[in-house]
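Presented below are the structures under discussion, each in the form of structure tokens.
What follows is a pair of complexes built around chain A, which joins chain B in one and chain C in the other.
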Partner chain A sequence: MLKIFVTKDNLPNLVGRLMDGATVLGPVKEGEAHRFRPLKKAADLDLSYQNSRLSPKDLVHPHSDAMFAFSLKKDDPEAGILKELPRSADKRLVLGIRPCDAKAFRLVDVNFLTDTYRDPWWEARREATVLVGLGCSRPCRSCFCTAVGTGPFDETALDVLMTELEDGYLLKAVTEKGEALLRDAPQAEAATDERMQKAEGIAEEAARKISKPFVTEPIKDKPQTELFSAEFWEEVQFACINCGTCTYLCPTCWCFDIQDEVHGEEGVRLRLWDSCMFPLFTLHGSGHNPRNQKLQRVRQRFMHKFKYYVDKYGDGPACVGCGRCVQYCPVNIDIRRVVAMMSASCVCPT
Partner chain B sequence: MKNPYLPYPVRIQEIITETEDRNLKTFKLVFLKSEDEAAFSYIPGQFAELSVAGQGEVPIGIASSPTEKGFIMFTVNRVGKVTTYLHNMKPGDVMGVRGPLGNWYPWEEMKGKNVVIIGGGFAFTTLRSSIVWMLDPAHRGDYGDITVVYGARNPGMLLYKEELVAWERRDDITMHLTVDATDDPQWKYNVGFVPAITKEKAPSSENAYAIVCGPPIMIKFTLPVLADLGFPPERIITSLEMRMKCGIGMCGRCNIGTEYVCKDGPVFTMEKLSRLPNEY
Partner chain C sequence: MHAYTEKIREAARRLLAEKKVDGVIGFRRGTLPLMNEPVFVRHADQVDQLVWDGNCGVNLANYLTKRKDRVAVVAKGCDSRNIVVHIQENQIARDQLYILGIPCKGMLNRRAILKALDGREPLQVEETEADVTVSGDGFEQVFPRKDVLQDNCKICIHRNPVIYDELLGDPVEEQKDVDRYEDVRRIEAMTVEERWTYFEELIAPCIRCYACRNACPQCYCPTCFVDESRPQWVGKSLDPTDTRTFHFLRAYHMAGRCTDCGACERACPMDIKVRQFTKKLEKDVKELFGYEVGVMLEERPPLDTYRPDDPQDFIR
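For the complex of A and B:
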């Protein structure tokens, strides 16, 4: 596959060219944090970022999304009938996404694109989106991607992998889509052996810096009922305030709600992010709630990612080690420690 | 592939108030487009999302049988937002149906076997579908003895009363109707809770499957009775409820351990449930 080198000075020209063919989204600094936004100009892009605070999952699975529209007008013969809305499949390119966040899309594909049903919104946006990833040469202390089957330079879910060198970026096509992008890149230089060796060195060095706080294999062998009744959930859940921050920031949390919203005589059926951390998520109309207690909800989140998903799809875990939940949990619940307890493979220093 | 979230438009043909407390109503729905009726091909045990524009959707078991053509039928308990709105709708109103969804009772596996149906309260909906389906001449020969234990709080709370009486008179199905209590002198059937009546009538477990649907308390006390009668957990089948939205295994809320009740269920054997976390 094609590899090219672009100097830092020439990068804006490449970004400009990409912006001619598609909407380009990339990390943009907003206040103190970065967020993936459509670039208005090449200079908005800030590749010096560490990672975005919100994961880029909303690019494919928006926080709020209109599914259908309907009319409630008395004289409308079609009143009460839900109508499909145009599903725009504008070409989009995500530039500078981290390999872990890209891998998250892969993990969530399994949920939305099945043999029996395909989620049309997820599918349309996934197909229309090209992922140009930026390897992590300076991983955070909270990163643990290598413990969950990905890594700072994992290219498997990307179309192009970029590696930052001192004076520029090495771009490596991973898919045909990626190859097509690089083929007519302006001011491309050769990806010399020397540059490629440097890139490899950077990738190895980065992987070495990432902690591997647990192994996941032992979890596979334990029956779900055994892990479910483990005593440590009591301790794990103790401090949790069910704020939902972890699920909101998580790139692999996909759960959603469906609600109708009416304005006058017109309405839309919406889907909205939801969270297993909220009691309403599972409340029956009768008042019965199978996950009424905080412990049950906290347990569901970890069990889903590290046990149910793995058993169900023979893949995963449904975690990419981005560390957002570790960084932003207001009461410092650390998924690394919880998974270590689940696998009873090691006890992390607290 | 069809958008799995888009309901078929239907018109309410008839609304029947089932119970004396007026909390249960049966809705007969007809598809606005005949091709939709053909596409909505279902098997007893499945459910559908009833959709009301502006209100939302509710998952409801399909109470009609695929052998009944020209309409589909649902019996709805009034509990919250959408079901209350539905109860106030009128024949002629337009709404939507999305499905069929979920799995079904194991009709293939049960061929050649006796079938014991145990129902309580308003969870009799997909059991009605099953009985009508098995009694249809096209299927009756596939199954052995059919025994039904069905109970409600009092006679006024039984669903589908005319049909129950008609089934009573048939000789190819054994009916044990019961009520928790009654002072109605007309009541000529059993008095007692479903588990007790099941124990008393003692349907044989030989070559038999039991399908049990009802309130959790009824299920809890019926299971040991069935075990005593010799039904192994693989041959005791139940249908579960969870709060649902998507109905197609995507929105993430209805799981019991690894299984999504909307897609991998709602029908489970007790054997399967014994290997899942007890969280439902």
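For the complex of A and C:
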């Protein structure tokens, strides 16, 4: 596949060209944090970022998404009938996404795009999105992507992988879509052997820096019931305040809720991010909630990612090791520690 | 400050051995620099997990709501005030609690330190009375402790616990000449439009995760108004009207109940200064009712009582 090199000075021209063909979204600094936003100009892009505070999942799975509209007008013959709203499928390109976050889209595909059901909202945006990823040459200590089957330069979920070299970026097409993007890149230079070697060195060095705080294999072999009833959940759950931060920041948490909102005589049916940490999560119409205790909610988060998903789909785990939940949990519940306990089924709290 | 660690362990060991409590709520060493984790210690052999340093900012009163057992709890000044409110509001009974009071000189603001490090990752943190030394790959930076305290700690006037069964150190000097409301006055002085814009910008990054609500010991309604769905009280999307409604209502529900412990701000994943709402209410409650929240156990909260000497005359 095609590989090119673009100097740092020439990158804005390349970004500008890409912006001619599609909406380009990239990491933009807002306050102290970066967030994926549509670029208004090439200079808004900040590739010096570590990672975005909020994962880019909202680009495909927004916090709130109006699916249907309905009218409640008395004299409207179609009152109360749900009408599907057009699904946005504008072509867009996500520039500078980290390989872990791209991999997260793949993991969510497994759930939303199955043989029996294809989620049209997810699918429309997913298909319209091209991913130009930026390899992670300075990984954080709280990242653990290599422990969960991905890596700082994992290209498997990308269309193009970029590697930052001293004087520019090496861009490597991974898919046909990616190849098409690079084919007419302005001011492209040759990806010489020397540059390729440098890029490989950077990738290896980055992977070496990443810690492997646990192994996931033993979790696969354990019966669900054994993990479910493990004593350590009691200790793990204590500090949790069910704030939902971990799930809102997480690139692989896909759970959603559906609610109607009515304004006057018009209404919309929305799908909204949900979280296993929230009181409405799995609340039945009868008023019963099988997960009304904090322990059950906390356990659900870890079991879903590291056991149910794996058992159900023969894939995963449903975590890419981005470390957001580790960094932003206000009470320091650390998934690395919890998964190590699941893996060892250590019943003795450390 | 670290001397507290030994004292907490000693008290915990003793209380558990004497079966005075079913467990001790404190902190254990975190997995990240500048983070500790609240922990519930039930057995003598877990007592050595307990630690104390500048990373114990989480308000432990949050773990007391509606408990049925008898617990010891480690409490800074602010925690102790929230405990008072909890007792006043019948969330826990005084005789269920054994309060281990910690005279406090302020907790560290992890976000502010990370901001100052500008992308350099902290790997080690050393604290002394005066300084905080943070080091990582190829760098070491010393911060005067007072510069990197949580915003609410910088202006705290109740560093000593207001209620306790045992005080684990000598009382510390309370901060004098603190201007608690400099920022509130600045906002009060704005025109209506400026103020509107100020708050709109403040909450623009909000993702409605409600971490601010959950971090607050005083937010314990069985069903929060934002979660009501039959019927909804407030829309669930990121529509600005709904986000605004959430923030206004949350704040008003805290009038006369907020101790300015900073738990909300500390938890917000989007760095939103949510105390900007509650501080105004705190100031009003102080000016209108002469009341400071959670300082006197025997005093009824201002919004559930009436006094003949009320400074306003409209009600007489």
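The definition used in the following text is that the second predicted complex is superposed on the first by the 343 of 350 C-alpha atoms of A that agree within 3 Å, B and C clash if a C-alpha of one lies under 4 Å from a C-alpha of the other, contacts with A are read in each partner's own complex, and residues count from 1 in each chain.
Going forward, a contact is a pair of C-beta atoms (placed from the backbone, for glycine too) under 8 Å apart; a residue touches a chain by one contact, two chains touch by 3 or more.
As the structure is a prediction and not an experimental result, all values here were calculated from the model.
Annotation: superposed three-chain arrangement on chain A; chain B versus chain C shows no clash, the two fitting side by side.
In the superposition on chain A, A:80 contacts chain B only, with no contact to chain C.
With both structures placed on the common chain, the touch criterion links A:259 to chain B and to chain C. Using the contact criterion defined above for the overlaid structures, shared-chain residue A:308 touches chain B, although it does not reach chain C. In the superposition on chain A, contact of A:284 is made with chain B only, not with chain C.
In the overlay built on the shared chain, the residue A:215 is in contact with neither chain B nor chain C.
Contact with chain B, but none with chain C, is seen for A:117 once the two complexes are overlaid on the shared chain.
The vertex angle at chain A, taken between the C-alpha centres of chain B and chain C once both structures are aligned on chain A, is 90 degrees to the nearest 10. After the two structures are overlaid on chain A, the closest C-alpha atoms of chain B and chain C sit 5 Å apart. For the contact definition in use here, the residues of chain A common to its chain B contact set and its chain C contact set are 257, 259. Per the touch definition, chain A reaches chain B in the complex via residues 67-68, 70, 72, 79-82, 84, 111-112, 114, 116-120, 223-225, 228-229, 254-260, 262, 267, 269, 271, 274, 276, 281-286, 288, 290-291, 296, 300, 303-304, 307-308, 311-312. Taken together, the chain B residues at the contact with chain A in this complex read 1, 3-7, 9, 32, 51-58, 79-80, 83, 93-96, 216, 241-243, 245-246, 248-258, 263, 275-280.
Those residues of chain C that touch chain A in the complex are listed here as 30-32, 35-40, 46, 58, 62-63, 111, 115, 119, 121, 123, 205, 207-211, 214-215, 223-224, 227, 229, 232, 235-239, 266-267, 269-271.
Note for the complex: chain A touches chain C at residues 30-33, 50, 53-54, 63-64, 140-142, 235, 238-239, 241-245, 248-249, 257, 259, 261, 270, 272, 275, 278-280, 326-328, 330-334, 336-337, 349.
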